[in-house]
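Look at the two complexes coming up: chain A is in both, with chain B in one and chain C in the other.
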Partner chain A sequence: MNRCAVVGIGQTRHAQKRTDVSIAGLCREAALRALEDAELTFRDIDAVVLGKAPDMFEGIMMPELYLADALGAVGKPMIRVHTAGSVGGSTALVAAHLVQAGVRKRVLAVAFEKQSESDAMWALSPKLPFQPPLMAGAGGYFAPIIRAYMKRSGAPDEVGMLVAVKDRLNALKNPYAHLQMPDITLDTVRASPMLWDPIRYLETCPSSDGACAVVLTDEDGGRRAARKPAWLWGAAMRSEPTMFSGRNLVDPRAGRDCAADLYAQAGITNPRQEIDVAELYVPFSWFEPMWLENLGFAEQNQGWRLTADGVTALDGDLPINPSGGVMSSNPIGASGLLRFAEAALQVRGLAGAHQVDGAKVAMGHAYGGGSQYFAMWIVGSEPR
Partner chain B sequence: MSDGGADDKIEIVKGFIAPVRLRYTVNAGRASSRFLRGLTEGRILGQRCPVCHKVNVPPRGACPTCGVPTEEDVQLGEVGTVTTFCIININFDAKARELPYAAASIVLDGADTTLFHLIQEVPVAKVRMGMRVRAVWAAERGPSLESIDHFKPAGEPDAPYDSYKDHL
Partner chain C sequence: MSARREVAIVSYAQTSFAPHTKLNDAELVMEAVTAALERAQLPRKQIGFCVSGSSDYLTGMPFSFVGALDAVGAWPPIQESHVEMDGAWALYEAWVRLLHGDIDTALVYAFGRSSLGDLQDVLVAQLDPYYLAPLGVDPNSLAALQARALLDTGRASERDFAEVATRCKRTAGGAPLDAPYVVSPLRAHDCPPVNDGAAAIVLAAGDRARALCKRPAWIRGIDHRIEAHSLGARDLTRSSSTTLAAVEAGVHTAPIEIAELHAPYSHQELIVKEALQLGDGVRINPSGGALAANPLMVAGLARIGEAAQQILDDNARRTLGHATSGPCLQQNLVCVMEASS
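Moving on to the complex of A and B:
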């Protein structure tokens, strides 16, 4: 397999409503920043890979066709990726595979969501055939899983609030982040409305407009990169069915298998010691401790202790989501790619005020559907 | 790029109303049809996998774990255990439900997968993991899980955690 490098990263300012731009304008804002970072132009790109969440969100069927022009993809291969909420991560991995396979030299991966032009709550609450209408958005699906984790682990109620505060304080150091809540405290989180008990309003992610783009190249491109590149050490995807007997929604098998594959590729045997920083897909605060266990950073039922002990804080031993994460910006389709891009920024030393000192190995993680799709990568400051 | 020219005076078009209506015809298939016909008759049917012997409900005609056809129908009890739940205080559709309501994953006696359904006839604050609940049939039944109007407390002692911990 050929080496692959991340040589350009761009993202938009994420906000509740980006009425100043169309969807095409939003995607271009991210893509042009990624090209500028790489000191390349659309002319240099061999293929474009586009990801977003379900078309039903904005009601535009096959938006990749409409966006081909804006993304410089006319006359080039253009591939649409769709793996629900994990799609941003999968988009990066499809692009990476094109490079790793030696098929393309320079690939642009772009992912977006314009939630202000969509109704995600409606789109995620479909009338299923032969079923009573009970679903109330993603929160209604994930709240019982969080309750099961709380019961199983015995974690104190405060853990979800700690993550909610930590990620919003991290976001203050990220000029692109949607939520800017300097006054957030455990008390304001505790006092916020209980939407889907046990999930409070401030323990959920926002709805955002935003896009993210990365430029991936082969080894030669990485060696000649305008700025320090991030090197791909491992890339893995897994999925699992919606329903089967013994399915563990708190600790999904597909997530464990995906991480095992990823670590094997990257030569990592002890993720807690060998990974310096991780950007994990945490749309509800309790998913931080759950994923810490699923990804092998902690033993079963012990993930919350890392959060409670401050290990996952920006100045902790294993910072999780220094960018503020999904809890601070959630343009759904782009959220996974933002995790991957932020991990790459860390090992490039270009994360600005939320840079983790000396980060050499970083993980990007995304999940989607009913915890069915997983996409992950590990990037390093040096080739492996 | 703005150059301060005439274009800046144009009011940007920000939206239009485009209602979308989707009408589906769903062919339920053989296994689901037996399940749905059962609901019309007031029976809850699952299917047992010949390899792992797990009982799947609703049945899909194949075991999702073993990938083999499932042909043995199993009639399940109307009583089950709440494995986990949430209390919903927000509606995606204003006329969907009276708030708050409790929705739970329920493993029926004899089944190895859970159904997601409504819990009523008990204050939401009293709903708990391990609670034993009984199906209450709707006055009018049809080929849908809506034939079960809701589940209510069965009046039995709670099930121990170990009995349902593999169904979270």
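Moving on to the complex of A and C:
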């Protein structure tokens, strides 16, 4: 398998409504920034991979067709990925696959969502068998899973609030982040309305318009990169069914299997020690401790202790979501790619005010569907 | 670049492409996937990578591919991906993944139930949302613009269109030129039917392919290209993306015996055939092509499957499968297959 490097990263300013740009304009904002970072132009790109969550969010069927022009794809191969909420991560992986297979040399991966074009909550309220049709968005689906985790682990109520505050304070250091809440405290989170018990308003992600773009190259491109590249050490995806009797929704096996595959590729035996920083897909605050366990950073039912002890803070031993994460910006289709891109920014040393000192190995993580689709990568400051 | 791993299609299966199915997406996929795996005698647990193609806009609900995955049986968890495109592009993704060398088999499937809505309305949502979709121009009208442009060049006539339709639809007595226009210059025989269906292909690499299949259809070259969306930004009478993909896929390095072209409208077969520079000796669409059955999101993968089947059945040594997507042949994929490795 060929080596793959991340040589360019771009993202938009994320906001509740980006009425100043069209959908194409939003995607171009990210793509042009990624190309500028790589000191490349559309002409240098061999293939374009576009990812986004359901087409119904914007009301355009297969929008890659209309976006071909805006993303410089005319005359080139263009692929459109959709793997539910993990799609941003899958987009990066499909692009990386092209480079790793030796089929293309330079690939542009772009993911976006312009949530203000519709009300995504209803697209996220599908009727599931054996369940009352009262899902009311993703929160309705995930709240019982969070309750189960709280009960199993005995974690104090406050852990979710700690994540909510930490991620929003991190976002203050990220000029692209949607939510900018300098005054947020545990008290304001506690006082915010209960949306889906136990998920409070300030413990949930926002709805954002935004896009992210990444330029991936082969080894030669990485060696000649304009700025320090990030090197791909491992890439993995896993899926499991939405529901069956006995399924562990708190700690899904697909996530564990995906991480195990990833660590094997990256030569990592102790993720807690060997990974410097991780950008995890945390749309509801409690998913931080849940994923810490699922990904092997903590023993079962112990993940919350890392959060409570400040290990996952920006100045902690294992910073999680220094960018502010999904809790601060959630253009759904782009959210996974943002995690992957932020991980790469960290090992390139280009994360600005939310840079983790000395980060050499970073993880990007995305999940989707009913905690059933996983996409992950590990990037390093040096090739492996 | 090091020598590429050899990848082949070892089995193909499809459901019937009926005007309307009573099955749901997962049941449709189950039928196609089970048949393809049985033909290859490959147990579900031995699939290395799984990838599918479909569109939520046909089913009319978000995440429709999630439920269809039940037909595969994703437990224990599997390596799996999905494109919101015709299954032909899923096949491309599987081919790329098999080149990595760590897995030897892949399952590709596509499904689509076009009958659930009115395609003439649904496909309007596929157009540029700012400049084109508000005009409400339906797919038949877009195709008619293209057909008119082709007639205006003098390179084809309405009789040529009818001849394509007669061959593909096997119309007794020929497609009548005195039939009324659906949208001038297209008649009913020039337009695709509405169909539901699913199709599945099993891919395997190297010796695994030889073990699974007596006569694998080896993928000699596969490439796809996209053109500008705006109709005014391209020559509708030429398919430059098909031509480019054909060169990249190595179409012209040896004669093609059978070509399955994804041309939903009769005039599009003429445009694609010309773009591929296929001579008169090439058999085009013995399956009837998309004019005979056009399950959206499936019809492109089915062209590759049909072209592969000709090799699997020892009817040909070198075949071509083509898939298209978007209004007026905006995006095209070309896959060349051969009997010998």
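Criterion: the second predicted complex is superposed on the first by the 377 of 384 C-alpha atoms of A that agree within 3 Å, B and C clash if a C-alpha of one lies under 4 Å from a C-alpha of the other, contacts with A are read in each partner's own complex, and residues count from 1 in each chain.
As a convention for this text, a contact is a pair of C-beta atoms (placed from the backbone, for glycine too) under 8 Å apart; a residue touches a chain by one contact, two chains touch by 3 or more.
Everything numeric in this text was worked out from a predicted model, so none of it was measured.
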Problem set entry | First (chain B), second (chain C), both or neither touched by A:1 | second
Exercise. In the superposed arrangement, which partner chain does A:144 touch: chain B (first), chain C (second), both, or neither?
Worked result: first
Exercise. Which of the two partners, first being chain B and second being chain C, lies in contact with A:60: first, second, both, or neither?
Worked result: second
Problem set entry | Touch count on chain A, higher of chain B and chain C | C
Exercise. Touching A:249 in the superposition: chain B (first), chain C (second), both, neither?
Worked result: first
For this session: Name the residues of chain A shared by its contacts with chain B and its contacts with chain C.
Result: 59, 124, 241, 244
Exercise. What residues on chain B touch chain A, complex-wise?
Worked result: 12, 14-15, 18, 20, 24, 26, 28, 32, 36, 52, 54-56, 58, 63-65, 83-93, 96-97, 100, 103-105, 112-113, 116-118, 124, 129, 143-146, 148, 161, 165-168
Exercise. Which residues of chain A touch chain C in their complex?
Worked result: 1, 22-23, 53-69, 73-84, 90, 93-94, 97-98, 100-103, 123-124, 126, 236-242, 244, 252-254, 257-258, 369, 372-373
For this session: State the interface residues of chain A toward chain B in the complex, per the touch definition above.
Result: 19, 59, 117, 121-122, 124-125, 129-137, 139-140, 143-145, 147-148, 151-152, 193-199, 241, 243-246, 248-250
Exercise. Of all residues in chain C, which touch chain A in the complex?
Worked result: 1-2, 4, 55-57, 61-63, 65-67, 69-70, 73-85, 89, 92-93, 96-97, 99-102, 122-123, 125-130, 132-133, 223-230, 233, 240-241, 244, 325-327, 330-331
